[in-house]
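Chains here go by letter, A, B, C, D, E, F, G and H, matching the order in which they are written, and residues are numbered from 1 within each.
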Amino acid sequence: GEFAKIDHHRQLRTGFPEVIWGPGKTPDQIAQIMAVMRQRTAVVMATRIESDVYTILQKKVRGLQYFELAKICAIAPPIIEPRFDGIIGILSAGTADLPVAEEAAVTAELSGFRVQRLWDVGVAGIHRLLSNRHLLESVNVLIVVAGMEGALPSVVAGLADCPVIAVPTSIGYGASFGGLAPLLTMLNSCAAGVGVVNIDNGFGAAVLAGQILRTCEKLR
Amino acid sequence: GEFAKIDHHRQLRTGFPEVIWGPGKTPDQIAQIMAVMRQRTAVVMATRIESDVYTILQKKVRGLQYFELAKICAIAPPIIEPRFDGIIGILSAGTADLPVAEEAAVTAELSGFRVQRLWDVGVAGIHRLLSNRHLLESVNVLIVVAGMEGALPSVVAGLADCPVIAVPTSIGYGASFGGLAPLLTMLNSCAAGVGVVNIDNGFGAAVLAGQILRTCEKLR
Amino acid sequence: GEFAKIDHHRQLRTGFPEVIWGPGKTPDQIAQIMAVMRQRTAVVMATRIESDVYTILQKKVRGLQYFELAKICAIAPPIIEPRFDGIIGILSAGTADLPVAEEAAVTAELSGFRVQRLWDVGVAGIHRLLSNRHLLESVNVLIVVAGMEGALPSVVAGLADCPVIAVPTSIGYGASFGGLAPLLTMLNSCAAGVGVVNIDNGFGAAVLAGQILRTCEKLR
Amino acid sequence: GEFAKIDHHRQLRTGFPEVIWGPGKTPDQIAQIMAVMRQRTAVVMATRIESDVYTILQKKVRGLQYFELAKICAIAPPIIEPRFDGIIGILSAGTADLPVAEEAAVTAELSGFRVQRLWDVGVAGIHRLLSNRHLLESVNVLIVVAGMEGALPSVVAGLADCPVIAVPTSIGYGASFGGLAPLLTMLNSCAAGVGVVNIDNGFGAAVLAGQILRTCEKLR
Amino acid sequence: GEFAKIDHHRQLRTGFPEVIWGPGKTPDQIAQIMAVMRQRTAVVMATRIESDVYTILQKKVRGLQYFELAKICAIAPPIIEPRFDGIIGILSAGTADLPVAEEAAVTAELSGFRVQRLWDVGVAGIHRLLSNRHLLESVNVLIVVAGMEGALPSVVAGLADCPVIAVPTSIGYGASFGGLAPLLTMLNSCAAGVGVVNIDNGFGAAVLAGQILRTCEKLR
Amino acid sequence: GEFAKIDHHRQLRTGFPEVIWGPGKTPDQIAQIMAVMRQRTAVVMATRIESDVYTILQKKVRGLQYFELAKICAIAPPIIEPRFDGIIGILSAGTADLPVAEEAAVTAELSGFRVQRLWDVGVAGIHRLLSNRHLLESVNVLIVVAGMEGALPSVVAGLADCPVIAVPTSIGYGASFGGLAPLLTMLNSCAAGVGVVNIDNGFGAAVLAGQILRTCEKLR
Amino acid sequence: GEFAKIDHHRQLRTGFPEVIWGPGKTPDQIAQIMAVMRQRTAVVMATRIESDVYTILQKKVRGLQYFELAKICAIAPPIIEPRFDGIIGILSAGTADLPVAEEAAVTAELSGFRVQRLWDVGVAGIHRLLSNRHLLESVNVLIVVAGMEGALPSVVAGLADCPVIAVPTSIGYGASFGGLAPLLTMLNSCAAGVGVVNIDNGFGAAVLAGQILRTCEKLR
Amino acid sequence: GEFAKIDHHRQLRTGFPEVIWGPGKTPDQIAQIMAVMRQRTAVVMATRIESDVYTILQKKVRGLQYFELAKICAIAPPIIEPRFDGIIGILSAGTADLPVAEEAAVTAELSGFRVQRLWDVGVAGIHRLLSNRHLLESVNVLIVVAGMEGALPSVVAGLADCPVIAVPTSIGYGASFGGLAPLLTMLNSCAAGVGVVNIDNGFGAAVLAGQILRTCEKLR
């Protein structure tokens, strides 16, 4: 459609195809963009799709899958074999952070990466993390999702021997100010080597993690 | 002096005498207030006294002590025996947080409390804290001082079996915004039971810790 | 469930069991966590439960109680005898602050502490507080809940001879900025010895107050 | 000079002559504006004049007075008899707030109003205010100056039977954020009838108080 | 009720009776407080009452009036004769600011003051104000209500020979940040003698204006 | 030098040559960049040059001019004839805003535009502006510079029949927050057609005004 | 109506008639204002009109048009011939920014200007902009609409040889803080000559662009 | 020293040794920590060392090197051969961003990585970047340093086929708010796959980039 200029070469330039960001688009616009994109790309993804929008979309888009917790719609083969070496470990601090953590996990899997999940290991009970240290050692890049005070990535980065991507979430209240608190926490991490993405941006974290494994592929 | 109404009954009402807050007062005003207070109180304290102000003060105030790192001036007996049961444990995350941590420690000691210090145990190397867990167990109230992202109090509160008082510091830069980052971190702590004081407010933390031990004294 | 790693040892480590934070969890997740926890803990609590969520939960969880004003669900014996010495005094500045004040009160009572309530004694009519000074003297720790400008804890801390925990609330409008105004007020209290918790965090205030009475118990 | 368009009719329009705001002007510009204004106005005032600027100014401006604490320079008769009925009561919460409180007091006196000062009566020792309640009753408008948490105006407005003007000061540190904390406190006052001026704006408070007494004069 | 400590002496102390602030109270609580207050006060007022709350209240409270635009409920005599000399002029910058301006106007009238309204005279068409300058001269205190950039009070204060009370409103969008923009504008007014109240606080402005006229009454 | 990639084609692309922004560069770096640029451009400009930096620069750069109030250094012909039709009117609200207003004026004049200045016409004395309305009508684009509450551009835009560019300044204190207050004021202007530039950015305002006159030139 | 003072001379003074801002007005108020305005102005416009408000309005206002995407209601001739020379180019960074971009486009067209649209050319795929450089060269003023990080205007202003008006949108999430992020981006543009309007203010951008073309008309 | 607990195992755990953060430490403390660390680590680094601190340090620490632009002190072999495959590309938007960009470059080189620098390629002249696209393709991870509006990383991430690390700088003024503007820009990047570090944190960016190349090494 005229309202969108789909960036067909993005995959060629950056390794990742354009992904549709749902908010602020009508279901019709999303369906039309998907129709154009599916002619060129094997996997077409849209993020931030509420279930009622999915209900409309599935009538317009043939073969549309829905990952409810992650709020992701996709046109994709039923099974996606990992196409890249390496594992992306994804940690969440609490149960309420799961939608963001799953946005990261599903994005990574649909993009051809292997994912290892570890949920609810926040610092209030640090032993939950420490008793899973082997996991930190068996992955090649870590995505750490946390709301409230967002302290988990600092602790993880002090323990892990791989790049750490921190995702603040809007889970919290009061002086969390919509995720500002964990965002600042992560940016000020006293453990070095932490890259931060936007509040609730599981998608962006997965792309960065994927870029890291792709750059390794090329270095091999 | 007319410019100040000294609150001589504060100790009676709240257990702690008034303490002079240095900033915004001339050395002369401080000296005059000290002169009046020393007639009524055994220990007279002033906080946030830079060394050049101390140099002026010591000429006007007989027997004035100076705790340089803590930036505290005091008229006090040479040795202060602890007058209350219990121990206040004070932790700092980094070396640069020492002035604030010492403000807390010196305030507590001058007020008749026993203090146990543990410096530089920030979360970037969590083993430094974990290998000192016995200390957490041997104290009755904890003051945890941290700048940068301020994650230490959350971790401590998840481990300790006593009240935790968190003190954010202005140590950091950029998105620390003068200590806002660790302040928000501590207010949003996912471990419950953490009381937060103002940025760099080691003094207030010591008074609260002291109030806790005093209330225990009365409950006995 | 896999989505949650319940921290069964938290009570052993810190004296307080894990408590379920309602927001961002499905009723199903809450019910499942409760089912696991009730096998280990005498009292299972969930906070921030709206009445419609309770309606769903009570069908899934046998013997669930609901404290409507406090928005707390609990599996607990019908009567809970105080297990600790000392009294937690809880003050509210206005009528509209009651939900937060009750969150603190119910949490404390379910945890085995004795509570003394005093509502609607804000500083606009300071005599309401002054005529209740005996109450300030008969308790061992004070929780002071206030919205709008949040001045009450400063005044109380200048009068009381025990630790003061300040809870800012989101009650207010305009330049309250969702509770930021009373939060800053409390952090900047000119009366020392005030520990502040997050906006609307009655729960955290109660845990801190409880920690204080528990530490006294151990010191005895 | 061309760089300034002096508003000679301001006194006619609003009852108060223009006053020179010092910051951002060179001593030369200030001296030139004063030279022009003294030909038309009995009292010429400049605020926010540091003592080193005064040293330069006094060489250029004949008969210049300096109120050091208030940082006000004035060309004025040696004694100014009050020209209006009524008394402006000015309260300060702490000793460090004096410069702002004196800016208000000197402005009011130079403008022909009677002033009653009461310093250092902040809420940490509320009895200092309560034992001066007679003063609150003997004045016709109150200016209340406070830094730190800025709670004093709320308490005063709940006690006083006259208009209350609140002046937040930048005295404080950390989460005071340069006076933001007391500013928000005063704007959210749960006691109604409080008018707030800018942080440290003793001058503006005095003008508003003066306007109130002038409007009374006209109503008589 | 126990949930509220009605401040029956507020009128004696401050000249104004307590007024019920609606938000955060149940209709039942409001009705109960009104029932107690009507036994002592001639006029009982509640602010911020949405029309659906009024519908419930009118069934519980006999003779309740509703001022829809102002969102004020009152028990009051049908006609209230002004009991004080002087006139409160109320200006609004735009049509959308009317609810706040009417909150001020109705509060003032119910409290026994004479009011003169002037709506929609914002600075985008400054002639609308200038052609009403006689009004500025015929009143004794001015309340100026403005949203968006909130420039009107500065202009008015440069023209008017009486106290000016500025009320920022939350009318606007984007970088208004809920009324922060006009609030800051009014606090930084280059015309002196402006007292500012909270965003949307027409009520507080009316109480301050009333206090001014009352203090004049006493000075006579 | 290697540390800078001078954008020689900027004038071709956008009509304006690159201008050196002084802060964060060493005098040496500035001198080297000037040396390269003077070989290609008739007028070389650097902004935000403090007088002590100029003192160093003038020894390294032949024929360097300094506009002290504007803090601009330039290599330029002694007299610059206007090369474009139309007049840029520049207004300042106060005397203290002159450095920013002059930055705009000098930039415009060095770039070949005709400038009309009008200083110190802020809204506290609106007649100063109204008595200069002929000026508003004789120019083709207006730059309005204001600090404090920054209300002037709104008033001007309601009167003027040409584009208005608003420049907030950092002149002010307290709740000005370094110019945030006038910035928000200008962005929320209730008079439409106001384009805002960064705080203190007289330079950027002049470039935009120049672009407007240049686009007119091309349309002719 | 009495609630509004319509500014009939605004068109004479500034070239643009008053436009009704919908939010905060009842449909009835809007209809009444339109009824008065249509007697004097050829085109009557109201912005920010949701479709349900339009449904009510169309029953009260004869011949009302609705531009759904732009949320603009208008009484206007069916076809509006451009009355001014020059073209306003309007760019949007993403599809979700279209409502704001269309508010600008429709306002401009209804005001008699020629518009050239270019949608979805954000910097994530910069070639989409670069391959449309001819468009940048064929217009006389550019409006650039962008949410998220809002980088597009900087890039455009570095390429275009005409004035650039930047419109930040509230499209985004998390650290966008309701459009604050792109607003700051645009204000700090390293390319000079960018005038910024309020977040989502397509209307204001169109008026400014129109003023530019009108001033050119007068210069001819 | 007792004041510091050096984290000797950090290199073992995370691949990078502890690095001394200069601010808030006395030269003596820094020298003592260096003395301890040099016994265990081949390269000892301290960041944020002003030249006057270096002058003191070099007298206490044998063989200390100083990288002036980067403000880094190091004990290191004269030449450090790259120990890891891959290249870290470092881009700066402006000349004034060089100190931050060099902090990244020197950290990376001292840690054994190969670095490729590209300075002054900001978006105001986008061709400077586009004409260096081959460089983007020849590196394996990119660090992009930008102040002002910070748009460069978005554009780069839309072009590059490798991970992008964005470093906002405090270069700018006014609405940059100390680097907040570019920080928000980078967090909201519409191009995915950007990891952000703290304002001016060149050090942290280099560690993250190094972690990426190290993880590739392990994957090989």
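One rule holds in what follows: a contact is a pair of C-beta atoms (placed from the backbone, for glycine too) under 8 Å apart; a residue touches a chain by one contact, two chains touch by 3 or more.
Quick caveat, the model's predicted, so the values are computed rather than measured.
Trainee: Going by the stated contact rule, which chains contact chain A and chain H alike?
Mentor: Touches both chain A and chain H: B, G.
Trainee: Starting at chain F, figure out the least number of steps needed to reach chain H through touching chains.
Mentor: 1
Trainee: If you tally contacting C-beta pairs, which comes out ahead, B-C or C-E? Let me know.
Mentor: B-C
Trainee: By mean C-alpha coordinates, which chain is most distant from chain B?
Mentor: G
Trainee: Could you find the chain whose CA centre sits the greatest distance from that of chain D?
Mentor: The chain lying farthest from chain D is A.
Trainee: Report the inter-centroid distance (CA atoms only) between chain D and chain E in whole Å.
Mentor: Each chain's C-alpha centroid was found; their separation is 26 Å.
Trainee: Mind checking the centre-to-centre distance between chain B and chain G? Centres are C-alpha means, answer in whole Å.
Mentor: Between these chains, centre-to-centre, one finds 56 Å.
Trainee: Can you work out the whole-Å distance between the CA centroids of chain A and chain E?
Mentor: Chain A and chain E have C-alpha centres separated by 50 Å.
Trainee: Check each residue of chain E and list the ones that touch at least two other chains.
Mentor: Within chain E, the residues that touch at least two other chains are 10, 13, 94, 124-125, 157-159, 174-177, 180, 183, 187-189, 191-192, 198-199.
Trainee: Which two-chain combinations touch?
Mentor: A-B, A-C, A-G, A-H, B-C, B-D, B-H, C-D, C-E, D-E, D-F, E-F, E-G, F-G, F-H, G-H
Trainee: Which residues of chain A touch chain H once you look at their complex with the stated criterion?
Mentor: 10, 13-16, 19, 85-86, 140-141, 157-165, 183, 187-189, 191-199, 203-204, 207-208, 210-216, 218-220
Trainee: Which part of chain E faces chain G closely enough to touch in the complex?
Mentor: Where chain E meets chain G, its residues are 94-98, 119-121, 124-125, 127-128, 171, 173-177.
Trainee: Where on chain C is chain A touching in the complex?
Mentor: Checking each residue of chain C against chain A gives 2-5, 7, 9-10, 18, 21, 23-25, 29, 33, 168, 170, 178-180, 183, 198-201.
Trainee: For the complex, give me every residue of chain H touching chain G.
Mentor: 93-94, 122-126, 148-151, 154-155, 157-159, 172, 174-177, 180-182, 184-192
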